[in-house]
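Sharing a structure with you now.
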Amino acid sequence: MGKVRVGILGATGPVGQRFVQMLANHPWFEIAVLAGSERSAGKAYGEVVHWILDTPIPPEVKDMVVAAGTPDALQGRCEMVFSALPSGAARELEPQFAAAGFPVFSNASALRMEPDVPLVIPEVNPEHLALIRVQQERRGWKGFVVTNPNCSTIHLVCALKPLHDAFGLEQVFVTTLQAVSGAGYPGVASLDIVDNLIPYIPGEEEKIEREPLKLLGTLVHQHVEPARFAISAAVHRVPVVDGHTEAVVVKLRTRASLEEVAHTLRTFQGVPQRLGLPTAPQPAIILREEPDRPQPRLDRNAGNGMATTVGRLRPDPVLDYKFVLLGHNTVRGAAGASLLNAELALTLGYLDEFVDTASLEAFQPHPATTL
Amino acid sequence: MGKVRVGILGATGPVGQRFVQMLANHPWFEIAVLAGSERSAGKAYGEVVHWILDTPIPPEVKDMVVAAGTPDALQGRCEMVFSALPSGAARELEPQFAAAGFPVFSNASALRMEPDVPLVIPEVNPEHLALIRVQQERRGWKGFVVTNPNCSTIHLVCALKPLHDAFGLEQVFVTTLQAVSGAGYPGVASLDIVDNLIPYIPGEEEKIEREPLKLLGTLVHQHVEPARFAISAAVHRVPVVDGHTEAVVVKLRTRASLEEVAHTLRTFQGVPQRLGLPTAPQPAIILREEPDRPQPRLDRNAGNGMATTVGRLRPDPVLDYKFVLLGHNTVRGAAGASLLNAELALTLGYLDEFVDTASLEAFQPHPATTL
Amino acid sequence: MGKVRVGILGATGPVGQRFVQMLANHPWFEIAVLAGSERSAGKAYGEVVHWILDTPIPPEVKDMVVAAGTPDALQGRCEMVFSALPSGAARELEPQFAAAGFPVFSNASALRMEPDVPLVIPEVNPEHLALIRVQQERRGWKGFVVTNPNCSTIHLVCALKPLHDAFGLEQVFVTTLQAVSGAGYPGVASLDIVDNLIPYIPGEEEKIEREPLKLLGTLVHQHVEPARFAISAAVHRVPVVDGHTEAVVVKLRTRASLEEVAHTLRTFQGVPQRLGLPTAPQPAIILREEPDRPQPRLDRNAGNGMATTVGRLRPDPVLDYKFVLLGHNTVRGAAGASLLNAELALTLGYLDEFVDTASLEAFQPHPATTL
Amino acid sequence: MGKVRVGILGATGPVGQRFVQMLANHPWFEIAVLAGSERSAGKAYGEVVHWILDTPIPPEVKDMVVAAGTPDALQGRCEMVFSALPSGAARELEPQFAAAGFPVFSNASALRMEPDVPLVIPEVNPEHLALIRVQQERRGWKGFVVTNPNCSTIHLVCALKPLHDAFGLEQVFVTTLQAVSGAGYPGVASLDIVDNLIPYIPGEEEKIEREPLKLLGTLVHQHVEPARFAISAAVHRVPVVDGHTEAVVVKLRTRASLEEVAHTLRTFQGVPQRLGLPTAPQPAIILREEPDRPQPRLDRNAGNGMATTVGRLRPDPVLDYKFVLLGHNTVRGAAGASLLNAELALTLGYLDEFVDTASLEAFQPHPATTL
């Protein structure tokens, strides 16, 4: 076996397409199965997918026959799955896959806040992967589910992590300007977004106000003690294809100079950077000095879409500091997040029982203790 | 004299065009002079203006010869002027016009924060017009200058006014998503805004953090004692033609229920509404209940572009309440603001020495004491 | 009876909304019934409609209960109906309404090309209304159906009509750049149109290549002899909210100078203009001289959205002349077209058996012979 | 010498930036000098450029000091230059560079139609490079100027070339929908393009109607006999960042079936494809079968932005066939066109007197006779 064989659940949707695109030339993983809805199953992927990315469909998957999205249909054909399922389907199917022995790396929101399901950003809380064992034991699953947060949460927490570690967070205000690709396809109607914006995305503010506290929480006695600070979120959909922009104001627990804050952001190194994971951006956070950056069209592809760009760091007249951040919402904000989680899990040995890592080309294991 | 003859300074620019459009059929004012730069002076308005509004140039001004923008050139031709001058020109020319005996109603930022220059929104601080007397005395001017705030400030403060009166403001966070028409013409390059947004507008955050304190301040002993609360602003330019959106979070001084806050906004009546000024929207604040409103394309023209629409009023997990507001940036946010100031000043008698109000058709004076 | 009571079929869709907006203050017609799908019937219009226009829902229809879209449900409640039904529903329901005694003024494409159904633009072929008698006789209907063409066809043929009359058309090439509102709601997905365009609209080129020949055809012996010239159409969807742009090249049968062509367009007067119909634009065709007009945002509302604006008239190096034209696609291109047809029919006496015209306020009949 | 050292004239503008981007990792060429206006000269490139591309400035040029744009300033520092100069400057400076011994590969329009200046698309008329000798002899230049056509012309003629060769062209109608990046920076004002389009680009129709005849013309007795067919062009600017779309109708001299036309386009192989030039797309023309392709966002990057995508090939009711084509306007339509010309010239030996080709790595010369 040269590479780990993976399946993609929900492979025809926008996030599924990003999984296909990002896995096409991956050094460790190869696409073995594309699973879709009943409507798609049995047909060639290239026929049923309404491809919306600006790179062509990878030729090797074009003629792949779409499989049904059930554990039975994938059994023996892949060692693990990535899930781009919508929330309702994820809640039902992901536990079935885990029970049937598949490691599931999911972008869906369904199980994120379950106490025994790791909600992980490798740069932020890699140690939370240890919940895998708790989950397996508690639920009697042979496989497991690992989740990543909402697209807006990911980039926000990437930027907050070094500040929280260094100075402690007390209050966070975040206002988002989110790209239309975040709404899936067909998603937002063009009449609602040409010469317009919508100050509302169902369920989004709740996710942004809740998920960071689990991500920045502490693993104690087999559960995550949430971080203690307050978040206020206000979200907007804007006429941008890809790239979420977020205006942030923070109150810190300890006093810090502007230069200290800048230095903390600029020098941040996460575990994926230290491990040199294939999809990890280097650096994870890009701090720009220009007065008018980041901008979606210019900065969303930074670090191959995996970096978070921060700009306009400045003192705030009410709290401590404000800044604006930007990141790609379907790369780092979705498929790339699950992929990096899988790279981390593989590297730390969590896939050892599912994959013969010795036979993997181009792969160097790192024991979890090196974190 | 059937109507007050007015001049427009900076008549060919985008705000100048709005003045022309809004004054075209005004019951009290008529356009007597259009003043422009040296390049335009002496030529027909229809020839030199690059008209960007979606209604045609009013036929009666198309052939009007553009005058030079000096007091001499306008002397005897109009009783007062509206100024759509850029800031630099305003700082130089507006005092000359006031000294030469013209009442100047200015949209420019140049003199807004001068202690003896009224910065007025008729719904918010009509009593600040009393600074006119202070200004005339201190500077020895026969005329005077009255200013209105920045486009983003106006709608923000319209919404804050009833809350400040009822509950007191302690902290305000505002994140704006501003339309491209706010940058003038040619303004923002299309390459910077198609599939993009810019998280920066020079000088804008400073104005939004400063002007509201003067507007909500108290007139004591011939000067304005600024209001005491803290404002944090973060501004963005988005691909919308007209209509600024603002996401707001407030901390109040006294406890208020959601229904009390909603009721306060919904029932707000300002002086222009009570006086029935021609350009006053009725109501000044529209509170919408739908989860996804206001939106620029749908709500910017509410109240003929003079109303402020508030929506998504909800409790905030960090402070007290958050909401989103929207208003037209070149109507209420610019030309309409100056025009309403002029209507207020005329009604309250501040133009009595310049205009024979008795001969005005369709005009009912109200003594200032009725405020 | 002060006004003709009308029903609107398909009242909740985008074209239905335009009917509501345009009929709200109409001098001759008043909205008596709003009919919708089963899902909407029985509920208040304001609750079920997803209103997408930038003027508010007229207050008088907000609480109107939506009726089922059947002849029975409308019987006795209105004298005639406007149809904004989708094509499939129109093909089934419009004949039922006509059979039940309703005059139907339809924007749907279903029956347009039926030999005994008038396809009419009042400026172009008002005399084709005479097919009403043929239709009633042939089908045994008490009522009738009158249709108007496709949104792109209407503005194209408005501009071609005077040229065809004066010089004869031989070849017409038209390339359209069509607004997203033409696709209904939700219509085009935002991911397909932000920083993008689509060179395809199903069925649209066929309509543009076929309908003009019937419209410019001659009524002989109870049927329409189609005009004889060739049309080539290529259509595109572009990121514009309202207003279709069309680039046209024409080959004429007789030689004409540029000035003759311009004069012919500039001086065109149609029957609606001569009759002074309430919704008729004056003039029907606006010929602009600027090098860069018409533009959708600036010119779509010309003549209250009912005029066709032509610009860039110039010699063509291959055929004779080329020009660009623009018109509002949901006003003149849809609801306004049906409405003007109804105004024409009423004026010419085609509604005499359905309406007591003597009791109508503000209405002056013109016998058909005056055409 | 590992690579040919090149200079870029007009390096800070949008096309200059594309040259920088495309030359950054080129196997044969390396950027030795960046030349700019007086305002930029002497400063670091990274400081003076307003970088508008969505990939970062290549690190190796960021600190390069911008040179003055004169032959003296570049003498000895590079073997040849690419010109991204505006037309006026090109007309003056390019002859000076050629006279001073530099081969100039220019994207400017200034000299394109000069009888002794090659106007070349390598897939279309590589043999026209022979005019270099005529030009040098006639003007006494040691260097020379080679030009490429206008961005819209390039993709149009790429698609027309195989049809002209196989069937002969008689009439061509083309309507363009052009991206805003084609207008440079700041270029089109956002107020002119958000929810809008402009049916006019100065000088563009003339170029499209004229340049193809030279490109498809025949080299006889040291000059180009223009091709004999008629072209009609109508151009529009639309809210798309990159990628020009063109709707084309053609009349052929000999009868051809739809399948013959499709086959001719699908199997086209140009000289750059046969030579395997580094920047040549493979294939040069992509023929798509979907009804709704090509689209700018999805297809502009085909062949790394160097391919022309054709779609919707279908019979035309007036002439013979119609189709829509799309290509990247600043890659293949500008910098990439000059670059491919240079690769062709180097390969065919036209740079032998300027460059020690024997010492070039990764380069295989092909004698001109192999064409």
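A, B, C and D are the chain letters, set down in written order, and residue numbers restart from 1 in every chain.
In the analysis below, contacts are C-beta pairs under 8 Å (C-beta built on N, C-alpha and C of every residue); 3 or more make two chains touch, one makes a residue touch a chain.
As the structure is a computational prediction, the values presented were derived from the model and not from experiment.
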Chain pair showing more contacts of the two, C-D and B-C: C-D
Far-end chain from chain D, centres as C-alpha averages: B
Approximate Å spacing (C-alpha centroids) for the pair chain A, chain C: 50
Rounded Å distance between chain B and chain C, as computed from the means of their C-alpha atoms: 41
Centre distance in Å when chain C and chain D are each reduced to the mean of their C-alpha atoms: 44
Multi-partner residues of chain A (at least 2 other chains): 52, 192, 194-195, 239-241, 297-298
Chain A partner contacts - residues on chain D that touch it in the complex: 51-56, 194-195, 241, 297-298, 300-302
Interfacial residue positions of chain B with respect to chain D in the complex: 14, 52, 180-181, 183, 185-195, 239-241
Residues on chain D engaged by chain C in the complex (per definition of touch): 171-173, 175, 177, 192, 195-200, 202, 209, 230-232, 234, 236, 238-241, 245, 247, 249, 291-298, 311-312, 316-319, 322, 324
